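So, here's a batch of structures to check.
You will see chain A twice below: alongside chain B first, and alongside chain C after that.
This part shows the complex of A and B:
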């Protein structure tokens, strides 16, 4: 019996076992990836990864999006945990389209709020609100985080659903500065080229 | 790397006639204003279909393109070259992943794309099917095939579909390393022994025709192409991309004293905004 941490290995057929075709389109679900470009800057949405679970999504996100110093921190969340407001354009604020909340009690659950401030750009984290559910979180966000500037789309994600980067995790990026061979700046052929050109000039 | 020579399916432009004219006008006005199209926005069927096809082809080319270079990792001359090549191959596969994600936002599951690649339904850049006999072939790919891909990718990054542009911005940032690395390898071969020079000259002879085909066949401007260019799916004709590549890289190849196996290639003077520039002209009708 194969027992590996890599689920792909566990899905391999056993020796001498007949191979049955796998179910069509049974791919892993998607997870949204957010990165923090610099210390002190807001997290921004970066893309998706397919993964069997949150923990492996985190590992794959690190591989896919942060192989070169593009961020100082990242986190992932299951796509199904992202609550999305209507999308607007022109001079319409997405907050104007959010239905009024029936309750006005402050909630006991924490939600992260993201704004799309410019079409064609990424959603950026703007703050945290307390609410009972994502609908209410949007209403609270309108009161607390709406600066009057046009927002085209709002996302709300329950904080507890997010796999954050812990202090120990930050070691992941420690060896990156040593890998100079992955930078264009490590390939200086100018002198060699100049010598070559001078040498060939003399020969001619 | 390899985003080159897109051929577009000959869907009849009539399919646009069945689209909602108000929505179509809004869509075109948005592109006209220079705004990006996002996954949730309305888009014509033709736009969606051609973008899926283009991004998917690009993603497949990254994955398949990593194979010939991957086989050279163990045979690359020296530890440094092995490290660099390994990093490059890793980048290419990463680019494939980013591009599959971008294509997925248009509604085709990643698994479906991979199945279509395996069963041969989806296409990829043909240049990655050519054999790499020597290390010099691998150097040609790293420098010049990547250079050709950058010409295409920089153009496509100015396109109209948001997720594709964002993926390309990331990809282009990494490509600068590939290009410098490739050039570095070729400079070393060029300034090396006569045997090394001969090796690269032979690789150049083998790869030049596929490299020219990489940008796709000469365009006949049809109504179809015209629509795709108006929608900023196609950012330039295949010939424009090919000429841009020739202008930029033929002088660099000649500088190293190599011969390009195309006797019709000539230095020509062209007027560009008042300045006379030395550019490379290729008479494609000849």
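This part shows the complex of A and C:
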């Protein structure tokens, strides 16, 4: 048995273990991360994080997604709160595939609406509608936010489910611009490789 | 003007950041989940960056260049508190240390935004975004795990009790307290400790963790005078390995 002050060493798997069933994956749930690249620009979907709850998802998303480039704000929401329309391609508008709603009342809950304008790109926030549920939110979005331009996919998220950035938390992105080590380009990997190759050429 | 008090302050702060930055970086690739690994590694890198900024201030006051200062001193020439040099152990201890130290660090820099030494005041203002993240991260985890399961609570409680005497060593009285306060450079370790205590009490009161009576705890001091545990020298040896092989190496 290894015994070290470094817990990583103590956690190394034992070599002489008996045959045993594979341990199940132990994973937290996922949360969707949206980033605002600049003041005045729309929020866009950036990716997901695993976290035990919404607040920690916010904390972990900040470093996972906004360390290496500048942005002004981000927010997170539980993946299960994201309602997704049918996905289309070609000249088919996702809004045309949304089932008609039975009610025409405006509703009293606020929903954020996102469009996927290009396959392979991110969903971008396009507006807010009031509705009673996500299905109705999509119907209202079709009336209010559908410009006729092809949309391949629509998302609706209840506003109250989102963990937003407060005004004072925006200080989080006040980092030092001279900290170039945060940019991959600062490590000049290509230059170093080129120099090395040139050096070895001369030697041979 | 005699810069000795100011230099002593800058050295202990820079050494704290460098040593804890290095310790925390030992979690890189080993964190409890990928997202946390990224966040903890990022903060470790922030700390090393902050130490560089502080060593640069010292360089401007006539000390050697930052690399020489960071990589060529022996343990007894370091002024960090002993809390930051302790081995990482399990994640509960690393989190508790992160919480106890970063709370003090953020408050110290917040006080220093009003320092009469302008370059230090400017640095303190510049890095407040980073420090805000570090305390947000620490407080959120402590609030989560400090009220989650019997195991998480008892682990954190045990680590808290182990770390507290060392944490009180952060505020070891300087030989130059009076001079620093009189010159308006820093409001002093005692003032900092009071603010720190109020802050950690307010966070811990939102959890199932119990803050022991600090009056009954003997602070572990000496780090500021170069007295260290057996754990610092091996850390320095590892950190300066490349520099010692080739001081001109760039990587």
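Before moving on, here are some points about what is shown:
Here is the rule we use: the second predicted complex is superposed on the first by the 153 of 204 C-alpha atoms of A that agree within 3 Å, B and C clash if a C-alpha of one lies under 4 Å from a C-alpha of the other, contacts with A are read in each partner's own complex, and residues count from 1 in each chain.
Note that in this section a residue touches a chain if its C-beta (ideal position, glycine included) is under 8 Å from a C-beta of that chain, and two chains touch if they have at least 3 such contacts.
The shown structure was predicted, so the numbers you read here are calculated from the model rather than taken from an experiment.
Once the two complexes are overlaid on the shared chain, A:55 sits against chain C while remaining clear of chain B. In the overlay built on the shared chain, the residue A:87 is in contact with chain B alone; chain C does not reach it. Look at A:64: by the touch rule set out above, it reaches both chain B and chain C. Of the two partner chains placed around the shared chain by superposition, chain B is the only one that A:47 touches, whereas chain C remains out of contact. By the touch criterion defined above, A:172 lies against chain C but remains apart from chain B after alignment on the C-alpha atoms of chain A.
In the superposition on chain A, A:193 makes contact with chain B only, while chain C stays out of contact range. In the superposed model, A:122 lies in contact with chain B only, and not with chain C. With both structures placed on the common chain, the touch criterion links A:97 to neither chain B nor chain C. Where the contact sets of chain A with chain B and with chain C meet, they give residues 49-50, 63-64, 67, 179, 181. Contact residues of chain A toward chain C in the complex are 5-8, 28, 49-53, 55-56, 59-64, 67, 169, 171-176, 179, 181. Per the touch definition, chain A reaches chain B in the complex via residues 25-27, 30, 47-50, 63-64, 67-68, 70, 87, 119-120, 122, 179, 181-185, 187-189, 192-193, 195-197, 199-200. Chain B makes touch with chain A in their complex at residues 35-36, 38, 40-41, 80, 83-84, 87, 90-91, 94, 97-98, 101, 104, 109-112, 162, 165-167, 170, 173-174, 176-177, 179-181, 183-184, 187-188, 190-191, 255-257. On chain C, the positions that touch chain A within their shared complex are 26, 30, 33-36, 38-39, 42-43, 45, 49, 87-90, 126-130, 132-133, 136-137, 140-141, 144, 148, 231.
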